[in-house]
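Here come two complexes built around chain A, the first alongside chain B, the second alongside chain C.
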Partner chain A sequence: MGLLTLAYVILFVSSTSTMAPGTLSFGAPYDFSNYARFADDAILKGVVVYTIVYSIFVTAAVLLLAFPFCYAIVRIRRKWLRSLFLFVLVVTFFSGTITRAYSWLIVLGKRGPFNDLMLQLGLIDQPLSLIYNTTGVTIALLHYLFPYGAFVLIGTLKNLPEIYEEAAQDLGAGRLYTFIRVIIPQSLGGLGSAWILVYSLSLSTFVMPLLLGGGKVVLLSNAVYREVELNYDIPYAAAVAIIFVLASILTISLAYLLGKVVPRVLANRALASRA
Partner chain B sequence: MTRDFNGGEPDCILRLSGITKSFGSTEVIKSLDLKIDRGAFITLLGPSGSGKTTLLRMIGGFTAPDSGQIIINGKQYENLPPEKRPTSMMFQSYALFPNLTVFENVAFGLRVRKFPRREIDTKVHEMLELVDITNLKGRYPKQLSGGQRQRVALARSLVIEPDILLLDEPFSALDESLRSTMQLEMRDIQKRTGVTTIAVTHDQDEAMILSDHIALMGNGRIVQYGIPTSLYDFPVDLYAAGFMKVENILNGRIDRVSGTGAVFTMAASSLSIPSSEDDAPGRSVAIGIRSEEIRIEGCSQPETASLGENQLIGRVAEFYLKGENVLLRVQTEIGFLETRTKRKHYNEFRDHPVLVTIPSESVIRLK
Partner chain C sequence: MRHMLFNHRIRWRNTEAFAILLVVVLLLPLLIITLYSFSPNRYWSWDLNFSLRWYKVLLDNSILMNSIKNTLWLTVFTIPICLVSSLATAHIIARRLIPKAELFEVILSSTLMLPGVVTGIALLSMFGYLNVNDGLVRMTIAMSIFCLPMAVNALLANYNGLNPELEEAAEDLGAVGFRKYRKVVLPQLKPGVIAALVFILVETVDNFTINVFLADPDSMTLPIATYQRMRTFDDPVVAVIAVLMGGLSIMLVGVLGKLVGLERALTQEGTAH
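Now for the complex of A and B:
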């Protein structure tokens, strides 16, 4: 914990320093000119906003896919089938990010197995361009984030007593009605936690856009990296990084508050209409 | 299913035939048959492991039988899930939806069936009044006491007008003082609504208070089925006698049979008992005698007392006070007998030898 705080302190101090022109060192004068520069930097501002909005969509997609999947897993009766699904989920963790990114490059490539299959089935006339663009990044990112969301949701859903579903069925509700009216309202807590985890990971993603984006997909971490590697403007990069950390904290806190406030509002409205 | 399986028994609302169920290698229900009439209150009585809860769940559709048929109102249901059955279960833990208010909980079944809003309003309010919780309609389950939750669960099940109401140990979660009040209320509500009810319990007294008929279950079978007094006065076998708390069980032989009854011998003593079919000299039999049927009085001169039929001399070995009664453990030549008497009466002969009388008509023949 202490080390982490120290790192942030160093980062902050660096952000207020200035690059000595023509050299590789930075130091005085210490001021907030880097932050001012950011305010005028349309491109980087755009990247910050894009990263935040993009991450919202990606997180929503991950949870939308993971939730029914996890529900199915915890309700499977055959032990071997459930273990198989869990095994598949865990195995994806064992391959590192870079390995996975390159695997997607191979699978989704113009002459890769996916395009081959689609061509053979006659579903397309020409191979689809699925890599070195946002599509490729999104597919790889969804695949990467899925297990994180899934594990949190499986934890929540596993603790949901089956008796509520039995009660709903007993009163005439089919599986879908029960899922929407009973399961989801009681899983909001878990969904909130899953959101925060997946969203944070998505905001900070670096490898997927880098390897699958073909240089065209620039998320915040990539932008900061460029400032450091290409422009070698460490103070500016540090400033941007700090701004991003603040922006992330802001959006995550918003999500957290929403998770607390919305159920309360709905409950009050329900009470008021029945009183 | 359009085939009518009732054929000539229009009052039979539930018929189970040939029901079996195993979990893994354990046979929980072994070929069970049961018929229940409309409007009756039936209790499945038995200890844990007797299969009673499994049977209830099979009727409700939460577990499927391995074989057999479940026929409700002439239609077959054994392959259908709970949402397609005309039954409603009140779970032991009540299972009220925590995210819904009392009103919304009760309205759930009607909303699922897409009743119009006004009708839902009317029906729910009627039901809340019936179970006497109208003032709680805006509360959430976690704000309610155990007794209140039970009423909500009952209202929720009744409002959809099921053909059969299933109660899973309905009073086990309530404390003693609340239990008797709720039992009588439940009985009252059942009579007023006329809904056929099947309850599961291990509490013999509860079964006796609530039911029209009791199905005593043991080891996956129905051991005895009848009105409460018939189970109490005439348990059929050792298991039933034990469960119905017949205190004295004796094992012996038939000595001889006559027109009026049979003679039972055990350890050189004889008792006159009611005769039964297949009674023959030498046959091993078991008999039961309830403690309240055994008469006891003081005997000042045991050596010279003249003993009538079914009378024994005894000595009080232990006694327990219970309200106005005293429970006595009396040592006699046929072993220890449990009996009871009023405290005032006991004080007349305490510390003396006693004369014990077992009226032959009170002896229960056990298979």
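Now for the complex of A and C:
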């Protein structure tokens, strides 16, 4: 069991040391020429940056959608409605990645139900191109990541005592004010862990760009896959993969640190304004 | 009491409406695809006629049916291996049977953040070195490794709720070691075991990113075969597969809800990932 984790570590080391330019087989010389190649590869470097920025955007969108949703789930009094929400969430979560990507291909396709409906309602004159571009990938990705973020947030929000919100309202705070000043500060921890989870998943996303991107949306995973499947350049792919892992560890730890520091700064600020 | 005094029960009508809207959007792809799978035509249209044409095409397609068989075999091998190793690992961590168990736990769960494609390539090169060429063997090992942290986390969440008095009683009555574990600890872990089982099953059936590197033509799993089908044909056969996956998902949610309670399983899942 522990050995399995060790195997993990060893195989990552092995995937670095195999770098050697070769034909279909690879071996000696072991050097860092593949990393040097990456340093000169403007396209791949662009993909790294794009993937990070895109993931930040997607993660923010997921949390923005999931937070009010989870809050509603936690506070809903009608039990059946709450069970229904949870049911839909878990069914969506379990219902298959490839098939869900396919479903979005159909729903958003040029002749698909969405465009068809919009045309018939006269809201658009021409079918919108919603797939094989960033729009389609983003929609499917939000749908894919939403349950993950929601699970973490529900776990946190469930433990929020309702009295503080009631107190705030009794003292005359409006709904929005209560939301921003009372509910959000209490759930920063959960938001942080949800951020880290969703962000790391969206960094490594592979299936959605592969199926809905039409070759035009290439994220880091897809770029690595391309090196293996199209160019059979496993050493180079491994080098890029290692850079990939480093980039994700680096940005995830950065997010983690920010998650530790920002709430403290905010708390200090709040104290200072009180004094 | 407060409610009665102030009659201020907070109601978030807008938030509720927003949540309902999101639920509809979440369900939308599954609903549309279900309609599509029953369509008599190759293309989508709103005039809904019922036909089982594409279900029959799926049943007659040997590649896809074979991939379903392969996927079943993969789960048959993976589930026991992964479950036994995660039970052992969770016990070692929860009972601090090795030094630095906390650190071990952190490392284990951080492997969940590794990109799947990278894990796939890493495993591919490892199996290359070790000369493991059978797709099914490779995927079984890969899935067991990959699902281990998830399953362990689900079990660990369960360890916190164990009743130590039961174990003390068992020891007083002479049950020690593995016998104590089997008779006293394991039955209390039931919700965690069920949750772990469901995660392993879902991940093994659904995984594409890692298995696509490891499968060989004879051992293609359903997601891989589905992907190839999508690239070569444009008809609702994949919609039928999507409906099957949706059905499996509803079944599993039913099992989870009945045996563990959905909300409890959910929070375990939240910590699991």
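Going forward, the second predicted complex is superposed on the first by the 245 of 275 C-alpha atoms of A that agree within 3 Å, B and C clash if a C-alpha of one lies under 4 Å from a C-alpha of the other, contacts with A are read in each partner's own complex, and residues count from 1 in each chain.
In this section, a residue touches a chain if its C-beta (ideal position, glycine included) is under 8 Å from a C-beta of that chain, and two chains touch if they have at least 3 such contacts.
Just so it is clear, the structure is predicted and the values come from calculations on it, not from any experiment.
Legend: residue contacts after superposition of the two complexes on their common chain; A:143 is shown touching chain C, with no touch to chain B. By the touch criterion defined above, A:97 reaches chain C but does not reach chain B. In the superposed model, more residues of chain A are touched by C than by the other of chain B and chain C.
By the touch criterion defined above, A:172 lies against chain B but remains apart from chain C after alignment on the C-alpha atoms of chain A. Using the contact criterion defined above for the overlaid structures, shared-chain residue A:197 touches chain C, although it does not reach chain B. In the superposition on chain A, contact is made by A:182 with chain B only, not with chain C.
When both complexes are overlaid on chain A, the residue A:245 reaches chain C alone and has no touch with chain B.
With both structures placed on the common chain, the touch criterion links A:164 to chain B but leaves chain C unconnected. Counting contacts as defined above, chain A residues 163, 166, 169-170 meet chain B in one complex and chain C in the other. By the touch criterion given at the top, residues 161, 163-164, 166-174, 177, 181-182, 185-186, 267, 270-271, 274-275 of chain A touch chain B in their complex. Remark: chain C residues 2, 6, 8, 10, 12, 15-16, 18-19, 22-23, 25-30, 32-33, 36, 43-46, 85-86, 88-89, 92, 98, 104, 107-108, 111-118, 121-126, 129, 144-145, 148, 202, 205-206, 208-209, 213, 223, 226-227, 230, 238-239, 241-242, 245-246, 248-250, 252-253, 256-257, 262-263, 265-267, 269-271, 273 touch chain A in the complex.
Residues 60-62, 81-83, 87-89, 91, 93, 95-99, 101, 103-104, 108-109, 112-113, 137-138, 140, 156-157, 160 of chain B touch chain A in their complex. For chain A in complex with chain C, the residues that touch the partner chain are 1-2, 4-5, 7-8, 10-12, 14-15, 18, 65, 68-69, 71-73, 75-76, 83-100, 102-107, 109, 111-113, 116-117, 120, 143, 146, 148, 151-152, 154-155, 158, 162-163, 165-166, 169-170, 175, 178, 196-197, 200, 203-204, 206-207, 210-211, 220-221, 224-225, 228, 234, 237-238, 241-242, 244-245, 248-249, 252.
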